[in-house]
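Presented sequentially are two complexes of subunit A, the first with subunit B as partner and the second with subunit C.
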Partner chain A sequence: MEPKKIRGSFLERNLHIIFPMPAVIFVVVMMFFPVLYTFFLSFTNWNLTSGMPLSIVMLRSYQRILREPRFLAALGRTFSFTALAVSVETILGMIIALILNREFKGKGLTKLIMLLPLVSTPVAIGIAWNLFYDPTIGLANFVLTRLGLPKQAWTGSSSTVIPSLALVDIWQWTPMIALILLSGLASLSNEPYESARVDGATEWQIFWRITLPMVTPTLLTALILRSIDALKTFDIIYAMTGGGPGYSSETLNIMAFKYSFEYFRMGQASVILVFLFLLVLIMSLLIVRMRKSLEL
Partner chain B sequence: MRISWIKKGLFFVLVLAIVIPVLFPLLWMLASSFKTQVDIVAWPPRLVFTPTLQNYERVFREQNFLKYFINSSIVGISAVAFSLIMGLPAAYSIARFKQKRLSIFILVARLMPGISFLMPWYIIFSRLKLMDSYVALILSHMLITLPIIVWIMSSYFETIPIEMEESAMVDGATRQRAFLSVVLPIAGPGIVTSVTLSFIFSWNNFMFSQVLSMEKTKTLPIAIYNFVSYAEVDWGAVMAAAVAIMAPAIILTMIFQKYVVKGLTMGAVKG
Partner chain C sequence: MVHSKNSTEFALMYRFLILRRPVYKSSSISLKEAKMKSKFMLVILVVLALFSVSAQQKEIRVLLANHPYGDLLKAAIPEYEKATGVKVNVESLQESQLTTKLTTEFATRSSTVDVFMTRPLQEGKMFYKNGWYEPLTGYDFSDYPKNALDVATFGNKAYIVPLVTEWEVLYYRIDLFKKAGLSVPTNFTELEMAAKRLNSSDMAGFASRGKGAAAVTQLSSYVYNYGGTYLDKGKAAFDSIEAIDAIRFYGKMLANYGPSGVTNMSWENIMPLFQAGKVAMWTDASVFYGQIVDPTKSQVPAENVGIANFPAGPKGNTPFIVVSWGMAIAKQSKNKALAMDFIKWATSQGLAKRGMLANITMARNSAWKDAEVRSKINTGLIATQEYAAKYGIPYDRPYMSAVGEARDLIGEVIIESINTAGTSTKLEALAKDKVDAVNGLLEDTGEYGVY
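What follows is the complex of A and B.
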């Protein structure tokens, strides 16, 4: 395809600038500037409720937040929630994709059912799971007692709240990982499998030596995308526990939200946001890098 | 013969073991929405009960859910429409002029945590007296819908052979003319995918509306959240509200199943 002859009107000659312009301006104005403003605010001690004008305190808000045990706990929790949810989702998603990767009657219906959790409204899902987890009338404890196990407090206790919330995330997002891997598996060529079978390889060897390496690029992209979304999980946690009991399910996102819109400590909230932002940015760069090296 | 039957049966059991856990919470929600409060709080939980419509009546008559339904629709449809107008040319440009950096820029926009720009918006929109306005909500939801549309459409445009436009341009059409009258008409499936997904993610969004809307522009996710926070939980009505709010997204998914799978597996997930 040789490049087009330059010709035509101003619009046509500059189409590659004019066409994306509105979208770029929109994103810059609505996202880029606000993020810069947040950076600026993180160097102030602005508090909306105090009525005092904002004053620049440089790194003092950072010092305060970094020494805040609540922040460090939230940071750790954000990671442990993400690690727990995403690792289970990946393993389960892989298993499900391997099972479903063949032709069978009802495959379309199975895929449709797997789509439902991820298009469901997270707030509504969270509330429905609260009904399951309800210690006195919930189905979760009914199942446990039937199995002869002791009842649990689920989201009601600081020791079980994170796994309980992660379970909801796992329910909602495992199908997505499975669907992505399924389409990755479907695009693999048959040749290496056939020759491996001719050579008498076991199914287990075939999985580790052929399937896994070939599906790794898809798997990694899905994994990082999912991790970024898990780091930002808000709706489910906010709707189910609001960060409680105490602060025991408070992640960075929830903490930043409370600092901004409940305590109106904008300066300190901005510091938390900068950390969350950097975390997501690092993960995003990882994706971009990987896409480049894998030429996706 | 026998072994293949056992194999088939075993596979069927495996598929059920996948499908049932996925489906069960949704079905339980649906069942609970037809239960009376007495049936819901019964221990052990009841599988057999006399269904009632009173929960739905309460939700739509007393809680004014219809209004929130309309609000969510106004915000979702407008955000998607404006994003299409801005996003389609941008996606076309990314696809045809190989603007890698621009596509990364859009990817980053999709990945950024919403709250890192929500706080500044809150300050700016209050200064501009735009709190609780459709303008503020639509603008904020466009940051969900626009990246999804650009992301999906740029890879879709890449699959359209460039010869289509070239032959039109040989016949004297300008490139923008070719885009409008040759490319867009055959981009239908891609547009359906991106519109469906971006609408669903706007519909489901909670955080933006929680901060930027109040009584006038309140959307469904906020309505259902407030519904729970008030007083004692009326589980039946809450479940009816949950079913009502999820129904449109689920129906859209059923209609456009093929497209939704494609869109999601392209990596464009969640706002």
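What follows is the complex of A and C.
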């Protein structure tokens, strides 16, 4: 069909621009603008407690934050929390996926139950786990004493707080890794397995030489998603410890929250967030690149 | 073509609404059709106009805290709406979220808040300095104690109506004391003796907040009774010998007789332990009395729960008594007359009495003198209030704009003391370090040496 002669209306001539506009405006207003504004704020000394208007101080806020031992500790903690949680989740997720990849009775039900932690509200999870962890009246220590093991302080001590929080993250997110891996396993072709068995390979060899290499791209996808999420974990830590005892479970996100909404140092809070942003960006770029090089 | 028909209508609407040109010129549809369309538009406009007229009913927006008095107000607001015809839009928030919400709304100048609950000691200075409070001229403050008005007044103007006061008390288990043949401790030595006697593997002899920043307020009475203070003449002073002694004593008590994991505990973690019968003594604010004698919440029968004056220290007994909550009008409110009317009602004598009967310790003097109130409320509560009102100190934290950060800094010293049972050799150096940091904050905000 011949296209009709385009009428002179501005609107009609520009429909291809106008129709995507809502989405474009949304992305600009809700995503680009906040990120750019945070970058801008990080060069200011905007501080609500001083009652002064903001002024541009260029890199002074960066200098101040970088010299803060609390920032470096939070940076390290962000990494150690992520590494601990994601590595355990990956290993457990892989084991669960391998088990679920076989046929057995009640497989559907098992998968359904596994989904439950994923759909729970983080703050509710935090409150419930806090009750478990309570050193005096909590379930966790009750179980430990029944097993004849010593009581733990859980989130009440600076030495056990990070593993305790990571355990909650592991409880919640291992099923997601398992499900992603399961979909990866299900799509593998059967032929390499059959020929391997004919050649007399053990199950262990089959896992290391066939399953793992073939499922690696899926594994990396799961890793990207989980690592980004774990790096910026906020809700569970905020609900359970608020960064305590002292600062011993304070990650970058919690520190930025405290700097902005408890200390009202908006400029320096923005510096912390810029670092977190760059961190997440670099991590994801690295993993994406790794994934590409593996696919070649 | 469907696409072109839709876009034609769209273009027509665009012409009519934005370019304000008559729709029938230069378009391919007939005059009659165009008139019909413009009539349709007219109807829509009339409907919209009606909507905005009905929306012009008198309205105010009120932000309340999730606090017993906030709940009481929320339940009473329909009475106010009925009597005045003003619609009150209420939002309730948890206390730190309330501060955050108010701060972001006011700082971005986008707020439509008219009246809000506010914590004078936590955010008063900062809000005043930023010009977010409206001065309350024409409000009758004669029914309020003088030290309550101190924190509500800046310069010579009052900005906050004091709502609720709280003071530090000692909660204790009457049954356990009787069984052990102990009398209620009246000083720190007796407090430690009693804690030692009552402490067992199943029972914490003593509890108080251990979670750094949250502990600062409850530690204050210990510091005062040792003869110390957080701020002295606008300068940080919690590295004095007296203050350090108090911090060491607090750390020793909690480490030896406190519940395990206490450095991560604020009142919301200790209260369930007390209610579960796992704590023999607890020093905290008077505001929790109602909840620990509530049979629906506590496994400990109310007759076994005692309330007593905070114990005396080496330098006397001056526990804190503070205005924990007040109410204020927002400077940028566009409905100031309505807001004033609402605040007069929300802080009225009648409601204060209702608050008292619901175990909320109100700031108004008259509320404590009311005969009906006195006959119904716990005598221990009345006695401790009378003592604290007479001898207490109206601050429970360093009174400064950057109080949030200062509390975290003092909290580090408290946690170090608890972790070492008060024996840390580096406590003095740590406190000195934090004093310098707090002085830095005071300088940043122009409050250093100002008092």
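Of note:
We adopt the following convention: the second predicted complex is superposed on the first by the 263 of 296 C-alpha atoms of A that agree within 3 Å, B and C clash if a C-alpha of one lies under 4 Å from a C-alpha of the other, contacts with A are read in each partner's own complex, and residues count from 1 in each chain.
The working rule: a residue touches a chain if its C-beta (ideal position, glycine included) is under 8 Å from a C-beta of that chain, and two chains touch if they have at least 3 such contacts.
Just so it is clear, the structure is predicted and the values come from calculations on it, not from any experiment.
Once both complexes are superposed on subunit A, the partners subunit B and subunit C clash. When the shared chain is aligned, subunit B and subunit C each come close enough to touch A:11. Residue contacts after overlaying the shared chain place A:262 against subunit C, while subunit B stays out of touching range.
In the superposition on chain A, contact of A:50 is made with subunit C only, not with subunit B. In the superposed model, A:137 makes contact with both subunit B and subunit C. Shared-chain residue A:246: touches subunit C; no touch with subunit B.
Shared-chain residue A:157: touches subunit C; no touch with subunit B.
In the superposed three-chain model, the partner touching more residues of subunit A is B, compared with the other of subunit B and subunit C.
Annotation: subunit A residues 4, 9, 11-12, 15, 130, 136-137, 261 touch subunit B in one complex and subunit C in the other. Partner subunit C is touched in their complex by these residues of subunit A: 4, 9, 11-12, 15, 47-51, 130, 134-137, 151, 153-158, 161, 241-242, 244-247, 258, 261-265. Remark: subunit B residues 11, 14-15, 18-19, 21-23, 25-26, 28-29, 32, 40-45, 85-87, 89-90, 92-94, 96-97, 99, 102, 104-109, 111-124, 139-140, 142-143, 146-147, 150, 162, 169, 174-176, 200, 203-204, 206-207, 211, 220-221, 224-225, 228, 235, 238-239, 241-242, 245-246, 249-250, 252-254, 257, 260-261, 264-265, 267, 269-270 touch subunit A in the complex.
Residues 1, 4, 7, 10-11, 14, 96, 99-100, 103-104, 107, 126, 129-131, 204, 210-212, 259-265, 269, 272-273, 276, 278, 401-402, 404-405, 408, 411-412, 415, 441, 444-446 of subunit C are the ones that touch subunit A when the two sit in their complex.
Remark: subunit A residues 1, 4, 8-9, 11-12, 15-16, 18-20, 22-24, 26-27, 30-31, 33-35, 37-38, 41, 96, 99-100, 104, 106, 108, 110-125, 127-132, 136-137, 139, 142, 171, 175-176, 179-180, 183, 221-222, 225, 228-229, 231-232, 234-235, 238-239, 253, 256-257, 260-261, 266, 269-270, 273, 276-277, 280-281, 283-284, 287-288 touch subunit B in the complex.
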